[in-house]
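Each of the two complexes below includes chain A, the first together with chain B, the second together with chain C.
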Partner chain A sequence: MNLYAVAFYLLAAVILGATLMAVTRRHLVHAVLYLIVSFFGSALLFYLFGAPLLAALEVIIYAGAVMILFLFIVMMLRVGADQGPLFPPRQILPAIAMAAVYLAVASLLAVRDTGTGGVLQTALADPRAFGDYLFRNAWLAVEIVSLLLLVALVGALVLGGRTPAADTPEGPGAPREVRP
Partner chain B sequence: MNWIGFAPEMVNLLAVVVFLGLALAPANPRRDFVAAMALSLLGLAVSLAVVRATGELPHQGYRADLFAQVYKILLAGGLVLVVAVCRDLADVEARRHPEFFLLLFTCNLAMTMLVSAVHLLAVYLALELSSYALYVLVVLRRDRELGVEAALKYFLVGVVASAVTLFGFALLYAVTRATTLDALARALVGLGANPLAAVGLLLTLGGFFFKLAVFPFHFWAPDVYQGAVHQVGAYIATVSKVAAMGVLLRLTALTHAGGPPLVTLLAVLAMASMTVGNLAAIGQQDLKRLLACSSVAHGGYVLIGLLSFSPAAHAAVMFYALGVLLMKFTCFLVVVTVAGDGRNPRLEDLAGLHARSPVLALALMMALFGLAGIPPTIGFTGKLLVFKAAVDQGHLALVIFAMLNVVVSLYYYLLVLKAAYLAEPAAGLPPLRVPRGVPVLAAALACAMVAIGFFPAPVIRLALAAAAALG
Partner chain C sequence: MIVPFGHVLLLAGLLFVLGMVCVVARRNLIMILLGVEIMLNAAAIALVGASLRWQAMEGQVLVLFILAVAAAEVSVGLALIVNAHRRSGRLDPNAFHRLG
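For the complex of A and B:
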């Protein structure tokens, strides 16, 4: 057991622990904070596997952007802590049933060799090479994504924009309202 | 590289940029409508002009072959029709009109890319772009609650369908290590019976079944048609369906023989889709919900063509796409006209349509006959082509099942017709305000449906040539 293995098991334990804490917290802000710890753990795991770019993206996108969004929503909606049981039976029972199926299949796969295993090739690419490839060989995809972001922006504007009162006269002739 | 083949995309992109600029200017619905009409007509003209010009973007997995170019004509034509009924867009706030057209053109751009993309990444991104544009379009209704509810349902089903598609891509990649459709087709030749490949292909098709509103992903259709602005409903029922058929043709053409497990599964989905759609349509009183259920049933008929895996079947599906475009649009033309004030029309609102607007009633009759598959309309010819191609491939039982479904569907189409022709209008019904261009458009559509139904040969020739380009 070398140093990498020690680091791996340590990280795995931290990720599992943090995720477990995240799903069992009653206070949503606490849950989100634990989830951030879990994401940082995954990022380190990626780094350990030799994918620094993926690690950086994990921190920037998941631990950064997505979690900030979660926090925003939690604070905007001001969801109070729910007083009922954390896992009502009608949620936990199906979950347990599905987990049992999952466990059975996983243990079957672990015990019996299905003969379908294949070794995936690992590809190491530093961020520069990755960016180079992306904009040379997949610029069309990047362009489509940029349009997708434009649509998302318009969608946010439409959904979040102020709606005028139903009786406001509208049209080319109507005077435009000026709000301070 | 030959850029002229990509002119339709360029026009769509130009329109997106134009409306982005107009969104910054003060609201002026008249200007927005004229600009949209001009740009969509330009798009149709360009698509028609470059039908024989083909091109390919190297490394990008993007190919404008004859198949894609023919589909771009259908998409551009559909957009022209939808924009034509947007003159009186009363149900969308005036200041949102540029955004409305911006999203409409973005969606059309995404769909033209969807039928031209041959790389899995480009296919997926184009699918997402078209879906997201539609989600936002559905929200754009003056009655916010109705729009948001419909959009949320649409979004949730759509996201699940996207996840299913991605899972399918992952399985296909795991089996074949291919990311372009060409490489995938080559790799799948020997893998017809491989369960992983069949499951991967079926899951991949799932996201596109969502677009076509085929059985497991059809739940959104009635609610979205009902909740969206009529014009958006028309777009979803026509152009969106045409694009879905196009990309499904591209994907199913991959597996030349298909392999027994895939064909059986597709046949089950087709039967379920037809039955569920037709049975659900019988009780509907809301005209748009009825049209949505009929869309689900038509998704089933299209699947019969898709699972036959022969050039004739591919051409039949393309012909059917044209038929669906014309017939469904005609129905929505009636919806938009009858419900000028933005309400959702019910069947009884059609009462006395034959007296209030004879041309519109005639066009509605032709469209309903077509949807039910009664000669001499384009719908009959389309069904005949699809069913014949399926029988040639030995799917006789499936075709008989579909015929039975057609008989069921006849019942509710005739109910609509009865409302339009035989029912007496209630005394309180306001007089129908028919905008000037509508009777002309309706007459043109009725003529087109009958003419193509009688003389389908030129269209079939073009469809066969396009299907040959699928390889």
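For the complex of A and C:
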């Protein structure tokens, strides 16, 4: 077992452990912080797999922007700890059933040879080569994604903006004062 | 020589199951959205591993688009949660049974 393999198994343990802790936390702030650790582990894993640009983007977008947005919303809504059972039986039973199906398939895959095996060789996708490939072969998808982000921005504005009907607790039919 | 490709798939699959359990079993809208993020991240790990396995760039390009889709999904989803919380004051998914 060489240094790369040791790094992979260490990172896998960190990612799985942090995600497990995140899923089972009662306080949302703790869950988000554990998930940030998990995403940092994923970024290092991308770096190990020879994708330095994606590693940087994972830290910037996932751990930086998305998780901080979650933290922001959790603090804005003043969410307390979850009350009651963490995993109610009515909901954990289907989850356990689906996880068992996955584990059965994964154990089958582990013992059978599916033809996709093989040991990973180290390689490096140079950021310049990656960007070159992206804008040569996938430029249409880049444009579509930019359109998607614009639509998401408009959707977030529409949903998050203060609607007059939601301001009054009585609903849209009740008289309400005029705001300047 | 890093590790067999199957181990990467196993890690991604376990991460995906953790995210799925989070989506199905937790009773909090924000935790459900976090579970979706975990599942997207698991898919990204599998794709980067596959990109290294076949020495092709397509997997990494797809991961870039996964990042963009995740950002869009989170912005709309959190706006939806804020909207729902403003209307009812709760974050329990069982408390919502009608739109509008």
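Please note the rule applied: the second predicted complex is superposed on the first by the 147 of 180 C-alpha atoms of A that agree within 3 Å, B and C clash if a C-alpha of one lies under 4 Å from a C-alpha of the other, contacts with A are read in each partner's own complex, and residues count from 1 in each chain.
One rule holds for everything that comes next: contacts are C-beta pairs under 8 Å (C-beta built on N, C-alpha and C of every residue); 3 or more make two chains touch, one makes a residue touch a chain.
Remember, predicted model here, so these are calculated numbers, not experimental data.
Contacts of A:69 after superposition: chain C is touched, whereas chain B is not reached.
Contact with chain B, but none with chain C, is seen for A:139 once the two complexes are overlaid on the shared chain. By the touch criterion defined above, A:99 lies against chain C but remains apart from chain B after alignment on the C-alpha atoms of chain A.
Touched residues of chain A, counted separately for chain B and chain C, are more numerous for C.
Judged by the touch definition given at the top, the superposed model places A:153 against chain C, while chain B stays out of reach. Within the superposed three-chain model, A:119 lies in touch with chain C and out of touch with chain B [touch as defined at top].
Overlap of the chain B and chain C contact sets on chain A: residues 116, 118, 137-138, 141, 145, 148, 151-152, 155, 157, 159, 166. Every residue of chain A that touches chain B in the complex is listed here, in rising order: 116, 118, 136-141, 144-145, 147-148, 150-152, 154-155, 157-159, 163-164, 166, 170-172, 176.
Within the complex formed with chain A, the residues of chain B that make contact are 16, 20, 26-30, 57, 59-62, 93-96, 99, 102-103, 106, 109-110, 113, 119, 121-122, 125-126, 128-129, 132-133, 135-136, 139-140, 142, 144, 148, 174, 196.
Here chain C touches chain A in the complex through residues 1-11, 13-22, 24-28, 30-31, 33-35, 37-38, 41, 44-45, 48-49, 51-53, 55, 57, 60-61, 63-65, 67-76, 78-83, 85-87, 91, going by the rule given at the top. Touching chain C in their complex are the following residues of chain A: 2, 4-5, 8-9, 12, 15-16, 19-20, 22-23, 28, 31-32, 35, 38-39, 42, 45-46, 48-51, 53-54, 57-58, 61-62, 65-66, 69-70, 73-74, 76-77, 79, 82, 84, 86-88, 91-92, 94-95, 98-99, 102-103, 106, 109-110, 116-123, 125, 129-130, 133-134, 137-138, 141, 145, 148-149, 151-153, 155-157, 159-160, 166.
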